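Two complexes follow with subunit A in common, the first pairing it with subunit B and the second with subunit C.
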Partner chain A sequence: MNSATTRQSPIGPYPRAAIATGLLVLLLAFSFSGMRAEVWTALLPFFEWMETTWFGYVGKTWGGAFATIQAGHLVSLGVLGGAVLFSDGRLLGLYSSLPLRDVIDGSHQVFKWALAVVVFTGVFMVCGVAVKVYYLPVFWYKMLTLTVGVLFAFYVRKPLVDRDLSGVSPLVIKLTAIASIMVWFTVAATGRWIGFS
Partner chain B sequence: MTESKKSEGENPRGLKDDEMAAVVVAGSIVVFFAVYWFFEIMSVRELLEMAYG
Partner chain C sequence: MNQLIFDIAAWLDDTAWSTAIHESYYLYNWIEATHVLTLMLSLGILFLIDMRMLGWALPNVSATRLAERLNTPMLIGFVVMFITGILLFYAVPVRSSQSLWFRIKMVLLVVCAINAYLFHRRMTQSMSTWENAPRAPSELRKGALISLGFWTVIVLCGRFIAYDWYDCEYPQPDMVRALAGCIDGQTRF
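Entry: the complex of A and B
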């Protein structure tokens, strides 16, 4: 038997699950403790600095540039949402005539590129209105859900769906797909909420 | 394909770990967002009731 497969992790037989649980507990502790306010206060100088950067200057000065980048942000978010719905829809059993592996792998490639564009254009947009969004609770909700979504997509969902799914419980697959749709739906909703705040 | 299934069968610990992580995180996300959106919807309903009776 291969020694690599029998080697016990120092954090038990379920290292990935243990780390994920630990991160969730840390996130809850951070959210419901005074540490959150301390970090928020300490971040103000960083947001003030963002407005003084080249991105911040362009974003505040040329409305057309901001609107164009925002259009790219919204389109890439739409592409990202499409990739998520296509892949998770297939995991939920929709359009079962399409090959599962092709749908999952193809969607993940689109998802990665769309996410890169979403983050890049998002940073540009925040630079233009950094101090304004700093005081908006919904901006922090979006950052939180985006972080959870990215960690979930790459650390939990991807390793699961990369396996031979015939050996994985259909309930777990469907639960993962529903959670993925919910978290990216919330990222999109909170993003639009910023625009109306 | 058969070989792949065989190798996964020989290493059930990894598969269980991925599934366990997915159950913990996905379950937490579904419960959290179900509660979150429930209260958001209730909040909107209260606002509408205050506005229109």
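Entry: the complex of A and C
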């Protein structure tokens, strides 16, 4: 028997999910602890520096460039949302005539590219208004939900759907899909709320 | 024509519901947030279908079956976007109707609707010959590219509406005034 296939992780059969859960717990503990205020204060110079970068200069000087990047951010967010809804919709039992594995794998590729564009355009947008968003609570909620979304997508959902799904409880699959949709909806909604603040 | 559009917009602007939506911080923002977030359902799924036709995504999923299955959720998304879009226009009718970007957006929406109709008709006629091919035939790929490009410009125009660069209340070149439908002394925010 091949020893590599039988080797167990010291933290159980789902090491990535366990690490992600640990990180999420740490993140939440940090969010409600006194350390958050200290870190927040220490981050102000970084946000001030962001406004002095080339991105910050372009974002503040040319409204057209800022709006164009915003449109790119929206389009890529739309594509990311489309990939999430398509893939999770399939996990929930919709479009059952489409091959499950191909839908999951193909959607994940689209999701990764869309996420990269969302993050790049998002960084550009933050640079233009860095000090303003630094003082907005909803910006930090968005960063928190984005971190949760990325950890969930790559360290909880991905390892789960990469398995042979016939051996996984349908309830677990459906709960994962619903959680995924809710997390990314929250990321988008908090992002939209930054514009209203 | 521009006078007629202005008169209708001014009449809408004078209605109580228009003022109520415009002056309600939460209602207006909820409608706008719904309009934007529905992008994930409408445009996100449309782009998935377009990218599949171009061979950029989901190469192992049957293109026509993908388009058929995703048609309903996509249309639900577009209906929600359409309703919320009408409400957003109704909340600020005069400025919107005299916005250059809004007018470009409306023209492109009509172009995209025609493109979607032609695309669907061509796909239905030819689906049996290429259903599982990694890329759709050239005619359909052109339609998918037009859809991707024009919808991106529509989102861009939607963002630009929020800016006042070409608003009628400021001095503008004659061409911009003509395209935006500016009428001397007749504008409102």
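Simple rule for what comes next: the second predicted complex is superposed on the first by the 181 of 197 C-alpha atoms of A that agree within 3 Å, B and C clash if a C-alpha of one lies under 4 Å from a C-alpha of the other, contacts with A are read in each partner's own complex, and residues count from 1 in each chain.
Basically, a residue touches a chain if its C-beta (ideal position, glycine included) is under 8 Å from a C-beta of that chain, and two chains touch if they have at least 3 such contacts.
In this text, all values refer to a predicted model and were calculated from it rather than measured experimentally.
When the two complexes are overlaid on their common chain A, residue A:M182 makes contact with subunit B while staying clear of subunit C. Of the two partner chains, subunit C is the only one touched by A:V79; subunit B is not.
After overlaying the two complexes on the shared chain, residue contacts for A:A153 are found with neither subunit B nor subunit C. By the touch criterion defined above, A:M125 lies against neither subunit B nor subunit C after alignment on the C-alpha atoms of chain A. When the shared chain is aligned, subunit C comes close enough to touch A:D102, but subunit B does not.
In the superposed pair of complexes, A:P15 makes contact with subunit B only, with no contact to subunit C.
Residues common to the contacts of subunit A with subunit B and with subunit C across the two structures: none.
Residue ranges of subunit B in contact with subunit A, taken from their complex: 4-5, 8-11, 13, 15-30, 33, 36. Subunit A meets subunit C in the complex at residues 63-64, 67-68, 70-71, 74-75, 77-86, 89, 94-95, 97-99, 102-103, 105-107, 109-110, 184-185, 188-189, 192-193, 196. By the touch criterion given at the top, residues 5, 13-17, 19-21, 24, 148, 152, 155-157, 159-160, 163-164, 166-169, 172, 175-176, 178-180, 182-183, 186 of subunit A touch subunit B in their complex.
By the touch criterion stated above, subunit C contacts subunit A in their complex at residues 29, 32-33, 36-37, 39-48, 51, 57-62, 65-66, 69-70, 73, 151-152, 155-156, 158-160, 162-163, 165.
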